[in-house]
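Same chain, two partners: chain A is paired with chain B first, then with chain C.
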Partner chain A sequence: MPSTALALTPGLASFLKSLKTNPIDTSIENLVSLLKRRQIRHSRSCATATAYLLLRVVSACRTSESAKLIERVQSVGRRLMAAQPREMVVGNIVRRVLGLIRDEAEDDREAEFALSEAGSESQPQTPRAFDDSSLPLDRDMLSLRGEGAERSTSRPPLTSMFSLLSHPEPEHSLPSTPGTQSPNGRLFSPGQSKDVRAEVLEGINEIIDELGQVDDQIAAYALDHIHSNEIILTHTSSTTVQKFLLKAAAKRKFTVIIAESFPNNHEATHATISGTSLGDDENLTFDSFQKPLIAHGITVILIPDSAVFALMSRVNKVILGTHSVLANGGLVASAGTRVIARAAKVHQTPVVVVSGVYKLSPVYPFDFDSLIEYGDASKVLPYEDGDLVDKIDVQNPIYDYVPAELIDLYITNLGGHAPSYLYRIVSDHYRKEDISF
Partner chain B sequence: MTDPVDSAPTSSQANAPAQLPTQAATENPSTTLPIREAKSAKDQGPAPSDKKPTKGKDAPAAAAPADAAAAAGGEKPLTPAELKKKAKAEKAARRAKEKLERDGGAGAAGGSAPGPGAGQPRPPATPKKDAAAGGAAQKGSRAPPPRRGSQGGAGAAVEQKKKKEDKSVAVFGHLYGQQRRTTIAGAGKEVHPAVLALGLQLRDYVVCGSSARCVATMLAFKRVVESYTTPLGTSLPRHLTTHLSHQITYLSTCRPLSISQGNAIRALKLAIAGIDPSMPESAAKATLCDFIDSFIREKITVADQVIAASAAQKIQDGDVIVTFAGSSIVKQTLLAAHKEGKQFRVSIIDSRPLFEGKNLARALANAGLDVTYSLVHGISHAIKDATKVFLGAHAMTSNGRLYSRVGTALVAMSAKERAGGVEVPVIVCCETVKFTDRVALDSIVVNEIADANELVPADVPQQVTGLPDPAAFTAPPVDPKKAKGGKPANAPTPDPVASDRGPSPSPLANWKETHNLQLLNLMYDATPAEYVDMVVTELGSLPPSAVPIVHRMSTNM
Partner chain C sequence: MATTSESTATAVAKPFDIVATYNELLRSDPDLTMPIAAIEALVLLLTHEPSSTISETLDLLAKSTAHLKKSIPNPIGLSAGTDLFQRYLITTLQRPGQLGPAGDFKAIRTHLLSNGRLFIRRAKESREKIAAFGRGFIRDGCTVLTNGGSRAVASLLQKAADEEGGPSAVRFNVIYVLSSISKDIEGPSGEPEGMETVRALRAKGVPVSTIPESAVAYALGKADMVIVGAEGVVENGGIVSRMGTYQIGILAKAIGKPFYVVAESHKFVRLYPLGQYDLPIEQHVVEFKTEEDIAHKSAQQKSVESDADRPVELPLEDSVDFTPPHLISALITDSGVLTPSAVSEELIKIWF
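Right, the complex of A and B next:
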């Protein structure tokens, strides 16, 4: 019965359904309006929708020229980002797809270059050595995802001087690219470059897979960070945080204090902790039909946001979800996060942020206010108090900017990082030329 | 001081008195009604008018409820001295029965706190009063307590008690002393009607705020003193103290006493003890009433004026003042500054579940101030362009910590820890009567735990505009909701309030039956002394470290 209802509600599910049948331009329009109307809200829903749309765009783009492909993706990406500039994951996904295309294009060029070189002289040694030294790190990252074993062997064995100059990163370690690197057979089959599109499509599919698995990958680190009898404080209802806690709950007993994040997300929080599905279309798609924490014997204490400071002296760790992460190590998360992180800092309580790499945005904002979205004032002051609404100015910020110094640790699907290390992951995942397109 | 903060309880009580007259009239109208009338005088204007003539009393209907109740109670002990004898046997039987019922109904040990000592040789509240009030409460007051979530018979009470232990947050175990009283049933017969009424008002946050509670308590005690007659064979200073302690015990079962109440009571007891036993009773009572009046005047009323005047000096043109929740003294300060013609902006931060800031916002907006209103989640935004933070206090502890409505510490912290910016001065307005010699390192040592059911989003029909079209508003709103929220059609709830929030009122509605789920509704938190720059008192502006000295000075005087 939910499926029929779902088709009616504008949201991720209905968008994905219509994507197959609608023409591309309609789909783009559709997503633009969904973003504008905030009918797709969660970062991951936005990311998934963007990825699927780009998949369609790339597959429908009948060209094998990478430059045209890039142009097309850029134009679509610009429209999507203009529709909701504060939804940074949209831009992130677009940038990653652009990076994919560029990689493929360069790989092709390299392959030709290498082939022409191979006849005349041996491979240049220096770049290879450089390349090899960077390999272990890369392998580690891949094996974390549990799929790197065969990839690392199938990597093209060398990078030429040419590519070193063209992009200084020795390796694009993003988990999705290795799959798109063509098997080394290509080196020996001198045919015309393989269809770039097919490779890119494969890459986008990997991004989509990543979006689906990211929470479980992050949750795999849970046991390293949550120990028995700890008191964990978290805020609002993030699927990533919930999965993280659930994973630890399978092995350990601890206490979770949840600040309800009134007024923007308290209903979802209440539903999450009590285990009743709210019927939220976006959550339905992401199999949130699992048992709540309380069913695992975890004591869950719900508090209003105002009581955070009072309880912080007893909290061992603060685990926060986020909306998007910025290259400087700061993050944008639901309103109220900043005071929680600040209170934790004051009490010397570690603050751990769990976030998929896809939320990591290369944007460095100089004006943090531009990242903040303001929401429905009637949630703060209901219209019963209409007389009051006329006279006073009601504010309902939806997001907070949390500076990097308040965060102790980021846990992404690649592992744990200090906030100061994030810029490095950014440069691993996005091409410089795509950062502002 | 008795501004109706919470409209929900008052409206829910409105139907309780409606049932009462019939019930009470059958038993003994003249003795039962005073309290109830006081309540209904407040709740529903016309109700008392038809009752008054029958009793030939002149309780001012429009006056503050405490006054009304007290005035009514003032002559009550005179009426039924002989009735007592007649009804004694009957009463005993009835009371035993009620006690049984009440224990089931109240569902907590606190419900039966001050057992009526039958052997007190004193003109007591009438025998029937208790019985009638108790009986009325059984029927009529079933309506108010739904928010307390304790229905069910005696059998359920046992089970519920077991659950309740499960529901108290372990760290705060020491604060879950007793359940707050649900009805006035079981209150001791020596509890004065004015105090009975005040207790319920305190419980329902009708009288809310440290100063207001203090003033209301003192006023109620003044009525107690006025209607007091010394029993034979004892002296006023000796007996009045114990008589008062019954009232105090009752009040503390309604809501734990505030620091200011405690200080005021201590001062009053000291004054009583200081009375010469040979002084005639009327003179002693007059002395005490004078003492209470001057205490209120000195410690609260005038002190507030002094504080407001001196704190208003701290406000300059162009300031952006951030304040948290609704403090009466901060309100006075801001209004005083506004009256002086200063141009400034006020940003009010409010919190669930009491939303005290709304009243402050309304008062300030009506006075013509420029007000911004936001909730706790917007602190970091509100503080960004703040120039000063004004906070009210529930108490100041001896180690300089500010003990105030939960969330205050977050505001003070945000003011002090502003990233990259200049620190914002945090100014606390606090009467010295709120100083205490207790110390607290964090908010766990001293605190008050309110009923967690207040956190369950009840029936706030706020999503009126969320409905797709206005026409659906008149139609049964189940269908539009389903179309909008994509809810499965499994909950045919015709109740518009419930369906406003979806098929069920709230996922937390039966949190008490959900294992491992706890709700914590703290009332206060302690702000570290280093976040407070200045405490403005009626004795001057001090650093928080001066609190113990001032407290000693003011108590030794």
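Right, the complex of A and C next:
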């Protein structure tokens, strides 16, 4: 691996480049160490790297059984998550891929079941008999698309509340046959299993596409939320927020106050405002050809985040980016966000959080402290002040936990949601059995 | 007159008394929750009354449920069970498959009748599941404030305590709020509800402090979180629980401590109370009296003993209150950790 990796600074770009040439195991190792060394940061870069790696893993996994595929993805996923537990997007992407495999496996099983049933029932060739067997299935497929966690015609109980009264057999039977005996007992014929993998690969590609489009999809809601002559406050240099504001700037005139986040993000913030891009791997994924806000005639005011409270009384709306969103509606975002959200609460200013669905994690934050990462202390107090460093304890927390009650609205690529509704999106996107794997 | 399952088997001719069965079930197994006892009573009812058509069965169920609800002073918990049973029957009948309209009605009947024990076992297992989900909430060095005699809370705390000495030892303290009004007359020593859990926890080496309800605000500063049980979880995500829970919820909110509710998902009940006095329960917690009223009442008590039409009153020691959803941080259920607003969806899923 080294020869290709050496040419570039290690990061997302070099990783994606090396992915094509390196063997799978090397690539996994590579990503693990990149995550560990924090050479891949930012939710989206991590998500993209994970998705591409899993694409390779699945396509290289020459197995005919979905159970084996799941196992393989799980083991890779576990290593990645252990490498950087605070990058929750890695786990999210792994869970979504697992969900994809499970969905495909079940769809397949269902289809097979329906086929065999239709075959036996439609022998008289009357359309009536055909309707009987296919209609309920279709309806179920719809509900399956819509409600994620709920399954299949053949398993009697649908909801968790019914699980109490349900038939005994199907409880723990994911890999086994459904409750009703399907006439041909085996799970997959070899021909179909190949199909499953192709479907899964297609699904992963869709996730990758989603990662690419997510900001534009979110930005499409901008005009609903930003009105003329409003004063918008935002924090740090989130690309999602920038695109959101730019979209609105194309049609409306408003004022943006950007609070820089010293010492971890102020340089990136300055770069975003002035439109000069920093030379990191962001360039690869985000189009840096975008004109900055000022070029659109927007008044931009840059303030240190210590001045937020003083200005908050004049602000109409706070728009925040985030690192990851948790199942209870709270979020983890760059340090300083909680102060802003709290100040907004005091002034009754609405707080809107823009975030792709891929950042939404099914993890419940049992222990808030463990979510917060501490960064390079020398950014706060350079090592030149060595004798001072000896005497005091310097800390540089990178993230903040913001509780759900400080947030008024989440805007994801699916639309706007109240924080209390996020559990629903979680259950749409992740399978219950994958939440802790 | 208690109709135990043994006596029903012998005396078939005697009319089945669902109320007595329900009470007997609750008495015989202290681990049984009200919804499960109600489901069990309905299962026993079906064994007793041979009904061969669907509508006959549903009609019978509706009648018995109504009767049962009327005769029990606090029907919230049990109506969760009866609703669940009825919805399960209807939904299964509508679904295609072996048990559906094309299938045999007898099949579903036999399934329900033969699996009564299984339901009880699952209900108890769901507490285990909750304990597994809730384990993450109890961390090293934290202090938990709890109240009442909830079995789900007890099993959660004991599960966390059990792991002491194991690879993931959790060292935590418990502040147990003991109710001053609950006088368990039938209990051996008339001790307040929850003492059993206190003893069990202490036996496991968990330091427990017991405080009266009046000390909650004082003690809450020392607690990291509040975990309570619930008798019923209503549609908006609020809970109906032992009297005193509401004030703990308000205090926890005011002091900024998380307030978690532990409840099995079969306790979700289709009810939308708008406030404390909107519960379908007859309880006289606040009662204004003068000297004259007291004299009048004691005279009246002698003359009128039983009035069949009058709704049954809930004794003061069993009184409940309603904790609105905005005070609840999360519900720990057997289907995961839910926000209060997720409850309505779970209910909608079974009703529509």
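The rule is short, and it goes like this: the second predicted complex is superposed on the first by the 352 of 437 C-alpha atoms of A that agree within 3 Å, B and C clash if a C-alpha of one lies under 4 Å from a C-alpha of the other, contacts with A are read in each partner's own complex, and residues count from 1 in each chain.
Following the convention adopted for this analysis, a contact is a pair of C-beta atoms (placed from the backbone, for glycine too) under 8 Å apart; a residue touches a chain by one contact, two chains touch by 3 or more.
Quick caveat, the model's predicted, so the values are computed rather than measured.
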Counting residues of chain A touched by each partner, does chain B or chain C come out ahead? B
For A:223 in the superposed arrangement: first (chain B), second (chain C), both or neither? neither
Regarding the shared-chain residue A:60, is it in contact with chain B (first), chain C (second), both, or neither? neither
Touching A:432, do we find chain B (first), chain C (second), both, or neither? second
Once the shared chain is lined up, is A:339 touching chain B (first), chain C (second), both, or neither of them? first
May I ask you to decide whether A:82 touches chain B, chain C, both, or neither, giving the answer as first, second, both or neither? neither
Using the superposition on chain A described above, determine whether A:421 touches chain B (first), chain C (second), both, or neither. second
Kindly list the residues of chain A that each of chain B and chain C touches, one partner per complex. none
Quick check: in the complex, which residue numbers of chain A touch chain B? 1-2, 5-6, 8-9, 260-264, 266-267, 270-271, 273-274, 276, 278-279, 281, 293-295, 297-311, 313-314, 334-336, 338-339, 342-343, 345-346, 372, 378-385, 387-388, 391-397, 400, 403, 405
Help me check something: in the complex, which residues belonging to chain B touch chain A? 169, 171, 351-353, 358, 361-362, 365-366, 370-382, 405-407, 409-410, 413-414, 417, 419, 442-444, 447, 455, 457, 460-462, 464-465, 482-489, 501-502, 504, 506-508, 511, 514-522, 524-526
Which part of chain C faces chain A closely enough to touch in the complex? 39, 84-85, 87-88, 91-92, 95-99, 102, 111-112, 115, 118-119, 122-123, 126, 136-137, 139, 265-266, 268, 329-330, 334-342, 345-347, 349-350
Note which residues of chain A are touching chain C in the complex, please. 132-133, 136, 150, 153-154, 156-165, 167-168, 180, 327-329, 364, 366-367, 420-424, 432, 435
